[in-house]
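The block underneath contains the structure these notes are about, expressed in structure tokens.
A, B, C, D and E label the chains in the order they appear, each numbered from 1.
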Amino acid sequence: MHLAYFPGCSAKGSSLDYELSTQAVLNALGITVWEIDDWNCCGSTPAHAVSTELSSALCARNLDLAAKAGADQLLTPCPSCLSNFRATAKRLEDPDFREKVNALLDTPCAETLPPTSSVLQAIGELVDCETLAKKATISLKGLKLVAYYGCLMSRPPELMHFEDPENPMLIERMLEALGAEMLDFPLKTACCGAAFGIPKRPLTAQNSGRILELAANLGADAIVTCCPLCQMNLDLRQAQAEKAMGRHFGLPVPYFTQILGLALGIAPQDLGLAKLVVPMDALLPKLAPKTSAPNA
Amino acid sequence: MRIGVFICHCGSNIAGTVDCARVASLAAGYPDVVYATYPMYTCAEPGQAAIEQAIHEHRLDGVVVASCSPRMHEPTFRKTVERAGLNPYMFEMANIREHVSWIGRDIEANTHKAAELVLLAVEKLRRNRPLYSREFPVTRRVLIIGGGVAGIQAALDCAEGGIPVVLVEREATIGGKMAKLDKTFPTVDCSACILGPKMVDVAQHPLITLYAHAEVEEISGYVGNFSVKIRKRATYVDWSKCTGCGTCMEKCPSKKATDRFNEGIATTTAITIAFPQAIPKKAVIAKDFCRQLSGKKCGVCAKVCPTGAIDYDMQDTFVTENVGSIVAATGYDLMDWTVYGQYGHGRYPDVISSLAYERLMNASGPTEGHILRPSDGREPKSIVFVQCVGSRDPSLNRPYCSGFCCMYTAKQAILTKDHIPDSQSYVFYMDIRAPGKMYDEFTRRAQEEYGTQYIRGRVSQIFPNGKGQLTVMGMDTLLGKPVEITADLVVLAVGIEASRGARELAEKLRISYDAYGFFMESHVKLKPVETNTAGVFLAGVCQGAKDIPASVAQGSAAAAKVLTLFARDCLASNPQIAHVDNKRCVGCGKCVRCCPFGAISTCTVRGEEKAEVIETMCQGCGLCTATCPQGAIQLAHATDDQILAEVDALCQI
Amino acid sequence: MPDIAKTERRIVGFLCNWCSYGGADTAGVARANQPTDLRIIRVPCSGRVNPLFVVRALLHGADGVLVSGCHPRDCHYSTGNFYARRRLELLKHFLPILGIDPARFAYTWVSASEGQRWQHVVTRFTEEIHALEPAPHFEELEPLYLSQRQSTEPKRPFMPQPPDLLAKLKEEIRTHLPELDCVLGWQKGRDALHAVPFFLRQEEDLERLSLDATCHNSLVRYLPEYKGKKVGIIVRGCESRALVELLQEGLIAREDLHIFAIPCHGLLDVARLEEELGRYQHLENLVIEQDSLRITVDGKERSFSPQAFLRSTCLGCASDEPVLADTCLGSFTAGESTPVTAPELALLDGLNLTERLRFWRGVMDRCIRCYSCRNSCPMCVCHDHCIAESRQPHWQSAEHSVTEKFFFQIIHALHLAGRCTGCGECQTNCPVGIPIFALRAHLNRVIAELFSGYQAGRDAQAVPPLLSYMVDEANIQEREWQ
Amino acid sequence: MPCRQLIHHMEAAFPPRPSQRAIHAEYSMNETIRLSKSSSPGVAASPSFSQEVASTSKQPIHTCYQCGNCSAGCPAAFAYDLQVNQIMRAVQLNQKDLVYRAKSLWLCLGCATCSLRCPNNIDVACVMETLRHMARAEKKATVPVVEKFWLSFLNMIRTFGRSYEIGTMVLFMLRSLRLTTDVDLAPQALVKRKLGLLPHTHQGREAVGRIFTRFHELQCKAREGR
Amino acid sequence: MSNDRFLAKDALGDFLCHCQGLGYTVYSPQKQEGVRESVVFAPWQKGCEIQLAKATVSPKHLLLPQSEVLFRFRHEKGEEGKSSAVHLEDTSQQAQPTLLFAARPCDARGFTMVDRPYLQGLYADPYYAKRREGLCVLTLCCNSGCESCFCHWTGGGPSSPEGSDILMTDIAEGLVLQAITEKGRKLLAQSDLPEAGAASDQATELRRKAWQSLDKAPDLTEAPHKLKELADNLDFWTEQSRACLSCGACTYVCPTCYCFSISDERRFSGMEEGVRLRSWDTCMARHFTEEASGHNPRALKAQRLQNRISHKYAGYPENWGSFSCSGCGRCVTHCPVGIDIRHIVLAAIALPDTQAKEARS
């Protein structure tokens, strides 16, 4: 199977650690991906906020590249990119719309486009929890975590097809298999405030604050994320949220790949752990090699 | 044949856009028409007299009236021709008002169309044959399915009217949903106190045979003569010996059985009597929870039972009852609210259904009437009620209003304040529907006297705040502001859905049901109790959402219908039914297979299989006629030849 | 009124008394203006509407036909409209193969309270009919004659029967004959190329028993005549399916049958071989082998490719596996049937609607109404009581008009819908070679599409699709009328 | 990348808007909504507005029965001047101006919680997006700072083919004149190398540039057409 | 035979056009495509391909249409439907002069067998008579026998002239036309066809050869007698009819089956009007003899087969002195189940007298 890979702009900037840990984990799990050549930005929220056609043209160019490279599937770690890709593929089914998009492109977009998926979903589908547990060398026992998926991972459900849209459990199943204690986290699909951190800080601070506060109230050691923007809002902007809520959290916000990587025995530096603004250092000592070796 | 045609002016209703005189003169040329005229008001007394006179004067043996819809006046004119000595079925109508004069203004086109419709009627009438009803005897017994308050009311009224009643109840006790309620609106009187005596009456009435823990398995027959096979599900307790003493319950070691009567807020024993006032007050073993029946060693109940009533080998048994009429009163179930992920999919113990809350408030409930949170047994101080959970929600295919939630929510808010005076209740609602007597006043009291905060808006999400309470995210659409409440307990006013198995029962009864499984009445306004299957009546929520007073009223109404039906010894059959031409029938059974009423059986005529129509069961739909390839089964009054003549009259003209 | 006739189109409506007729009344009461073209025939239930009424109207000059009943689940008769929905949907798919524009026919549901919907439906439908040309007069169309020569590869290559099959079969029959009244098989007729049905009674008869690819008659056709007697019958795949159908209809009893199942790799089209051979006086020899078919006529040996002379009706057959058998002889091909379009149907598929109608106008003209098609059909169980010849009901006139002849084929096809097992005997036995199998093949195709791959006779327990329904039909897309 | 070229692209694709404040001032009064045709003062309805929104968004606007669920779950509701359900109501009543002047349109986070929980299956988020497109087409973006942020972001993509965070920030600060945006984050972001200091370089950026150029041309054409 | 004319193959069209010029509607065998070829007699138009093959269906429909309107009826009414009368409209005078080209001797002989009951009985059938009078039959001799034909068994042969106005012999490069009747002579005289000359001898030789090619015909003299004796032997007929499907293929392709049914068919015109039809009917169908009471004297297919064979080989000969079978063999080739009239007749003859008489009811 030819899995094409679209890292997304943030992978090369604000979420370099997500990219590092994703590559490391995929590698450890024996999943090979090919980064598509010459990809461009999906347009993110601003593009579709301005024009559906513009947004779809930006996405279509990437999908077209993947199709022409013969990809069976296109993976991306970023839910926002995925959402834009899926929406584009759906809209392109309408011949009129396709024509409008093609008018913006250098060459018409391929008729058949590869299906798109998130790295999270792909890992979930390709590696079952049992296998994951077998491959793990470090136990996550002692960690009390909450999984936070953000809003785009599962919405709109008819496009994203990701678990129960009100209560996805994939990260919980994975990390529980690795020994972590996963707390029920009702705000796991709430919105973090998206990109409004720049133009309208209170929107983001308030929403991220709620999420952080509930996680703190529940007694979580960390919030596990799968979206670069969510992670940035909860981590880099945690101080802003603390200010808004009038309370200190100090909650580390690692990517799920970073936690997976730790369990798989990958060195912290290879997972970019140092890039977390709120450090995870206090948690690392809790991790210990698995006591019960397989077949023992 | 000698046919008379009457083209009605209907004042200017028809004559305004149809040239009636011209239609009459064209009709005069139609085959077999010997008389054609155009009266002013044909249905009026003089108009009818003119028909009678014409029949005598012109020796007519068939009459066509072109006027309004036959759905309006066909019965009227059939009586008219019958008075003049004709068979009432030697009559046809052409609808030149609703289908012609009222829907088009072009006189030329309308006149042409009216004339053609009259020709259709003439060609059909020429192929009509006199039809005669037959009389058949009725079995004067009634089956009532469902022992909720509607079924109980119907049973008692029928029995009081002298009609023997067979009452079948699926649960181990009658009483239905009402038996679970604490108090009833708008009077806040005790549900058990008003329902209890009626339940006892059922148990004691000599004319009522009660089958509890039983279900209707098969129904055959027709109005006046139904045969009903009833499955008595195994209780593993011989009820003829059980005295309801409750010793078995005390000793039963399996205490984790789901307590369905208490809506799952508590557990009970594997052998159980639903509640102290149960009728019949007999024990039943829940097979899934019984150790003995799950193959483990136990047998405690058998040892302690003073009358030796326990029978672990009991099997389902069947009885067949013959009745002349059936009342369906199967009630409703609460929809499965755990489909709402935003309310936690049922994983937060302090988010409960309204019916569970009734059990929490009920003195015979698991908390003996003290409102305590299921999670920690603490008394809640801040209680949020959320209305329309599973009602008016098209996204879950439940667009309908459940009717009574507004009222019981107000009641529960009032009772909450009574139970916990320092509590505060909040009600999220979309609209308050309180159209009954004293109803609106009641919801006002909840707000004015009991200080309940009513907030107009749906609740988007409920979740634990990590500090032992629940966060309720709602909206006050009146203020245009989001609202957040920290609650100790959330009560969901869960909407109703058709009772489990309602569709299957409808198919056994051969009645229709709507998209949601509620049974279809014959006419939504004028025949709300009847169904389209003669002899089958409806009572209570099985027909659509309603509260206790309305259910009781419909129960009585259904009983009245039964009594009316049984007021005569014999019933007249509908003569517009299918007939088999034995010469043509090859006995292939296609008609038997598709008859919606099971009204066709087979018989052997001179060694050959033939179809046979059971006259009293045939409702005259004609599906068989459309199915039979050799045209051997013909629906009287809508035969192939009649419809072919109509088609040909239209297409060859 | 000639002026009206010019501006109006002939539209016939069949409305159920309880819902749609009431809906039309409601529209009237609301004075909802509507086009005047429609003429309403009141029927008790949409289930009463025989699809043949619709075809009759369309063939006799109606420009459009509209059927309307109660909404599904609201049927006054509980389930009548569910059956109607299946039958009318089938009709909608059937009309195009006749060359009738399916846009001329619509069915829908209107309740007694939906006056507005009724107004909308009538107005829309009338507009649509006006947008079409007036319905063509079938009789006045110019005939279109097209050659249909086998062009489709057979689903399974032809194979001659195993050399020892006949001997084995004879042995089996010899064993069972004492307990049977009669065994239905074949023997050679006037010459080696022509096989005829054979009714074995005695052991001596076994000598005459014949079995090869010329034995075409469906013996199942005779079984109802033997009801109550114990008979043996030799069947191939399609014939075993016909057996199942008759069993479903209760016209034969399983316990009275002994079924000898034989494999089949297609039958020969004897008529086309005759065409090739021309006029001959003596046919001495017939040898059927895998790749060659040799016939000696008037002293000269002629050789043919058996593949090229397979019956077109056999080409699409995927499996010869018997559904029922008491004695199985030889080995069978089990096959998922992804049906091959029969060449006669492929021919029609390639035509537009008008061409199809002209095609039927041409070929049906030479029909002599001998009813060999019907009488050789194993599924035509009405036998002497066919509505084609009855006066009451009077479906067909005695007039030898091409419309009447065509209408009979439509009757036959629709009566076979969901029952036809595709043996092709109807077409094989037509003296004038009318490609009527196309209608059956098309209906079988539609039935499979609409009813989840249903094939008649495949499952003895299945309820035939037109005698059952689903509350929510999986494959029927009802029209929305938006 | 020369800065001048960058600014040039920006100006060409998204020319500066007339003062938004002026639009705002027009509606400072609290008016009566005039639903019927009337000459009395107040806000008149735009007859086909709700139809236009319904057909563009392909959403059944008319089925909204004002339960407020969209607003109840909306993460930005606290910041809205007009709640989502009120916007839906205003659309139903053809109140185009009322809708276009709502800041809420531009504060929508696009999280689609409203769509997910709408009992009438309305994709409310899609309606909001449609309204933004329609408002922008009529040059009525009432929260310019948000629009400026988008445009800054898109300009980076136009120029570099991929987003360039620092570039976006700089451009945004220039356009919005909010020169202190997120300076509090800068130390950490820089220390942790959260921001790429240089834009990505890849060949595709020219192709992306052409997409923007064509888009811009088509928009101009459409505007002339109108 | 100096009167014989020669018709070159490439002049066939011109000749038929010439005949049309004389007022004839020309019917010729025409191939029509379907599943397989079918040859039917259909109206010929200039440009139509000219076929000489033996037709699938006999040309009897030229004299006995598959259905014909005997008369029309209409119930007429005066004002307001008061007075009324039934109006009849005759249709018998509408026969057109018709030329039948390339019938076969069996077809032509078939006409003579239908002629007898329709023209030579107590009453002549006016509808039939009119058409017969206008019909000119040009018959093409068969140049060889055929496996399914047996014209010589029943008194005919490959060049038998009965029923024909002109006999035509195919001598490859053209046809030799020989007038048989006055009508034929007149037609030839009106044509500008050349004299046949030597071709005439060639034709005579071909006809002789055709006769020689035939297998020896069995003696059928005993057939009427034997069949009469077998009339009630249900066992014999049950055996013979076992495979019969009761369809009408045999009777409808037959040149000599002339049975019909009469029915009234209404027209739906807003008036009481319609037509009385005479249409082909088949004695092999159950309803052929079904009486209004429901009783049916020939309810069994055995009885019906007995009736059909006996009529042709016993009943008709008794009345008219000849078999009413011209041996065309169409019933043999078109029977779906291969019932062979030759075998039945031979089987009847072969049956010893005692067995034949063993009457069963």
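Just so we're on the same page, a residue touches a chain if its C-beta (ideal position, glycine included) is under 8 Å from a C-beta of that chain, and two chains touch if they have at least 3 such contacts.
This is a predicted model, so every value here is computed, not measured.
Shared contact partners of subunit A and subunit E are B. The chains that touch both subunit C and subunit D are B.
Ranked by how close its mean Cα position lies to the mean of all protein Cα atoms, the top chain is C. Just to note, of C-E and B-D, the chains joined by more C-beta pairs in contact are C-E. Chain centres were defined as the mean of their Cα atoms; on that basis the chain farthest from subunit C turns out to be D.
Rounded to whole angstrom, the centroid-to-centroid distance between subunit D and subunit E, based on C-alpha atoms, equals 89 Å.
In this assembly, the C-alpha centroid of subunit A lies 52 Å from the C-alpha centroid of subunit B.
The geometric centre of subunit B is 69 Å away from that of subunit E, both derived from CA atoms.
Separation between the centroids of subunit B and subunit C, computed from CA atoms only, is 42 Å. Within subunit E, not a single residue touches two or more of the remaining chains. Residue numbers of subunit A whose C-beta contacts span two or more other chains: 165-166. In subunit B, the residues touching two or more other chains are 342, 461, 583, 648, 651-652.
Under the contact rule defined at the top, the touching pairs of chains are A-B, A-D, B-C, B-D, B-E, C-E. Interface residues of subunit E, counted against subunit C in their complex, comprise 32-38, 40, 54, 56-57, 65-67, 144-148, 213, 215, 242-243, 245-249, 251-253, 261, 263, 265, 277, 279-280, 282, 285-287, 332, 334, 336-340, 343. Chain contact summary for the complex, subunit B toward subunit C: residues 69-72, 95, 97-100, 102-106, 108-113, 116-117, 120, 510-515, 520, 532-533, 576, 583-590, 593-594, 596-597, 609, 619-623, 625-627, 629-632, 634-635, 638-641, 643-644, 646-648, 650-652.
Across the complex, subunit D is touched by residues 9-10, 12-14, 16, 38-41, 43-54, 57-58, 61, 103-106, 151-152, 155-157, 165-166, 190-191, 193-203, 206-207, 232, 236-237, 239-240, 274-277 of subunit A. Listing the residues of subunit B that touch subunit E in their complex gives 25-26, 28-36, 119, 123, 583, 645, 648-649, 651-653. Residue ranges on subunit E touching subunit B, taken from their complex, read 75, 77, 79-82, 267-272, 294.
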